[in-house]
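In what comes next, subunit A is part of two complexes: it sits with subunit B in the first one and with subunit C in the second one.
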Partner chain A sequence: MLEDQESPVKIRVNNLTKSFGDLTVLNDINFTIKKGELLAIVGPTGCGKTTFLNCLSKLMPTTKGEILIDGEVANPRKHNISYVFQEPTCLPWRTVRENVAYGMEIKGVGKEEREERANKIMELVGLSSCADLYPNQVSASMMQRIAVSRAFAVNPDLLLMDEPYGQLDVKLRYYLEDELVKLWRTLGSTVLFVTHNIEEAVYVAERILVLTNKPTSIKQEVVVDLPRPRDLIDPKFVEIRKLVTELIRWW
Partner chain B sequence: MNYECGCDPKLKIHCDNVSKTFIQKGNQEVPVIRNVSLDVMENEFLVVCGPGQCGKSTLLKIIAGLEIPDTGFVTLDGQPITGPGPDRGMVFQSYMLFAWKTVRDNVELGLKLRNVPANERHEIAQHYIDMVGLQGFENHYPHQLSGGMKQRVGIARAYANAPTVMLLDEPFGQLDAQTRMFMQKETARIWEQEKRTVIFVTNNIDEALFLADRIVLMEGKLPGTVKTEYVVDLPRPRDHISEALLKLRKEITDNTELVL
Partner chain C sequence: MSNNIANETIDHSRNKEAWTLKRVLTNTYFLNVVSLVLFFLLWDYVAKERIFHDSLARPLDVLNQIITLVSIKYAGSTLWGHIWASTQRVLIGFFIAAVIAVPLGLFMALNSYVNAIVKPLFDLFKPMPPIAWVTIAVLWFGIGETSKVFIIVIGSFVPCLLNAYNGVRLVEPELYDVIRVLGGSRRDQIFHVCFPASFPAVFAGLQISLSVAWTCVLAAELTNSRAGLGFLIKRGMDTHKPTLVLGGMLLIAAAAWLTSQGVGILEKKLCPWKRSIENL
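Up next is the complex of A and B:
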């Protein structure tokens, strides 16, 4: 977090490059994320944000470059890398509680600790009352909250979020963004949050990396040093929103 | 409001105490709209806004004539609506394009069904394809287009039938935030260029504020009722980040229920 400039670097990305044949999507990207930081990534539509996440999560091999977690090459077998997708992804045959605990199960967390952590997180996000329901019994926004809870529950070294609150109505989006900030601050996770929505980036992030068009590189870093909870009509907030908008405007 | 002449605005659409209940499986009754009365003036841009599941799409379908209300009625130019018609052009969230037809054939479809001669059809279709900025893509198929482009085809197709009313049901709901802003700008431009009475349904308050002369805010629960109205008296083209717009947005957001 910002007041603590001494936070160690958790994630270091060196020379990340990804090409599909002749098409270079990611072009020599370098950045770091500090431990416990919430970093947002924004860029023009079609700039390769999802490819970027797929490389960082190691779901997709990179053409060049490396991703280091605590100074070691990122390895999904060793490190905990969580990924929240745009579309809610719950296992329909598991209850809410079992869905939240699923990542921990895969990672071999013991039963007692699993339950304890799942309960704590469901408590934090107010899911306790529907812990024993199945996904088809809850709303779409609830499903996304389950996915977010599951991602936080594994105590991830790196939590990747791909525009999780895309098309929800604003009121709901504000609520979920506040919930995300609460989870992140309480658990001290290191989060990389990708979005098309500039206001959302300014609202949640400590720092924003603005990407260019393809071949994608980092255009500019914008630090959001505003107190929380943030006020969407505070002139300082609006000023940062305008700055980021101008950096990527294509519409 | 944006009326071109100084004369009194003319009543275009009148919803009178409209209610609609659907029967779900197990004979369960779900009241979706209750006692909604609404007037829309000619060439007004009206946005119906509300969170998910508030009956707003059903209201639009009733005006389109795709659903028949259980009680109450809707008139268009004083005549009761009994079914769909070419006087109302509809644009759907899921685009609803014919996958095996080209852009041109999709846009021409309504004209073809009404036996408009081929050369006239082409001319009209080309006019609207140009208007939505798809010139050069006439012979493309839907799968070759991006989401934003597909919805432009949807808009051109609706315009091609020369409707006096345009009904848009969350048309940009599947687009990302930036493409969405671009399409909002395009929608405002097209509407300035070819004025129609527009009823536009969305859950997005920013979108509503960018486009509307007037916003009808629905209650955030079923059965759907009108909660309140806002006249958006801001000059066009509007700016999403302007102080006036952000202030009004806060007012509307504060007046909207959180539906989890």
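Up next is the complex of A and C:
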């Protein structure tokens, strides 16, 4: 995209390897993410996408290799890593507003700034009208938007998303994908978006990494240099979508 | 732009419909009333026909007995005095048990050493019915208040502890991950996830404990007492007054219901986020 070439490297992953006993799940993965980039990762089902994210987020120790954020070894205590899980993970005992602000609370952001940023993000994603409801009073899609908002609100160095919209119907997904792109462009976060939905990947990402089957490594990188908002039936869009589909299918 | 699509909240209100015969007949409250009325008619019939000879009083006689008790002193105490005697024992015992058992249960779930020390003792005493302690309690503490409160503490302890313990262990692990990824500490995990998540289970345990406490107070009072609702029932049996026995039973039910409502209100105050589940 515009400043694609000039942006500094934000995330560098070197020789990432993860095995469970004899089973190698991730095999020597190397890639970088530029600052403010939205990178999508697609791969066949069961190729270890979630393991991959768990390693990057440091929820799971890696067998080999390192993850560098701004040249330093990633550390959740020090760096801002955010993670949007497949399932909505709101804290049921906090209102929507308190959930959105929760990440900032953990990070020690001051109360006034918390309020201000939470309000800004809720305004962006249209959650303002239900800010004082509890999660069990809103629909499933809204719960996921709360989790997304919470993740963006901490101004993350790296935002990991694990098929966040996998459970939702098509119409709602397009809507939330647009919302994600809007949030990302407004806040300039560095996002790694994992999905098994190829169309979704081509729609949101600037660059797509296609993974192989287990033991997983990167098969190919696909740059999506299409203008936004993207058109799902634009021939160029369809061409890229077909290319990625072929890459996944071709075993 | 972003406010309309996908912004639905869950709405519990219903539209008003016209009253029809079918709607009245299938109305929940109507059926509730029918069920209660039939029960009392059946009770009255069984009593009137003397199917249990003279050991079952008619509902209105029981009501009259309760009304009489309100206006006179029975065994040196008014009806309120008897109700309060039992309630006080229940509340003291229940409170002592809750204050010890709930934190202990939470600790056991959070710390494997505490668990390793307490669990075997707890498992040893758990299957023992609290009423089995009645005799030993009298031997240790005499026939006064202490022995009655002691039995209630023993009885209410188990559900409190079990539910607090399981409440913590059944917290969704993803919620801990949220905090770990954000770089939160163990303390954050405990105070922001663990405790609030276990609240509903803790309160369910408190409700069970409370009903066990009423069972225990009754057992203790039936064995030995000079005041209380159990004493009224016992006296009714000794003097062969079925109205007094049944009246005491109804009053115990009412008192137990009221204390249970009290715990329910406390829970609503402390966990406003909890989805209400009917018939629980």
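Here is the rule we go by: the second predicted complex is superposed on the first by the 245 of 251 C-alpha atoms of A that agree within 3 Å, B and C clash if a C-alpha of one lies under 4 Å from a C-alpha of the other, contacts with A are read in each partner's own complex, and residues count from 1 in each chain.
Convention: a contact is a pair of C-beta atoms (placed from the backbone, for glycine too) under 8 Å apart; a residue touches a chain by one contact, two chains touch by 3 or more.
What you see is a predicted model, and the numbers here were worked out from it, not measured in a lab.
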item: First, second, both or neither for A:His196, with subunit B first and subunit C second; value: first
item: Which superposed partner A:Gln167 touches (first subunit B, second subunit C, both, neither); value: first
item: Touched partner set for A:Pro44, first subunit B, second subunit C, both or neither; value: first
item: Partner with the higher number of touched subunit A residues, subunit C or subunit B; value: C
item: Contacts of A:Lys107 with subunit B and subunit C, given as first, second, both or neither; value: second
item: First, second, both or neither for A:Ser139, with subunit B first and subunit C second; value: both
item: First (subunit B), second (subunit C), both or neither touched by A:Leu232; value: first
item: Contacts of A:Pro8 with subunit B and subunit C, given as first, second, both or neither; value: neither
item: Which of subunit B and subunit C A:Val154 touches, first, second, both or neither; value: second
item: Touched partner set for A:Gly188, first subunit B, second subunit C, both or neither; value: neither
item: Subunit B and subunit C footprints on subunit A, overlapping residues; value: 139, 141-142, 171-172, 175
item: Subunit A residues touching subunit C - in the complex, by the definition given at the top; value: 57-59, 75-83, 85, 87, 89, 91-94, 102-103, 106-107, 124-126, 129-130, 133-139, 141-142, 145, 154, 171-172, 175-176, 179
item: Residue numbers on subunit B that touch subunit A, as the complex places them; value: 51-52, 173-174, 176-179, 181-182, 185, 203-206, 241, 243, 246-247, 249-250, 253, 256-260
item: For the subunit A and subunit B complex, residues of the former touching the latter; value: 44-45, 139-142, 163, 166-172, 174-175, 195-198, 200, 232-233, 238, 241-242, 245, 248, 250-251
item: Complex contacts: residues of subunit C adjacent to subunit A; value: 2-3, 5-10, 172, 174-175, 177-184, 188, 192-193, 196-197, 199, 271-275
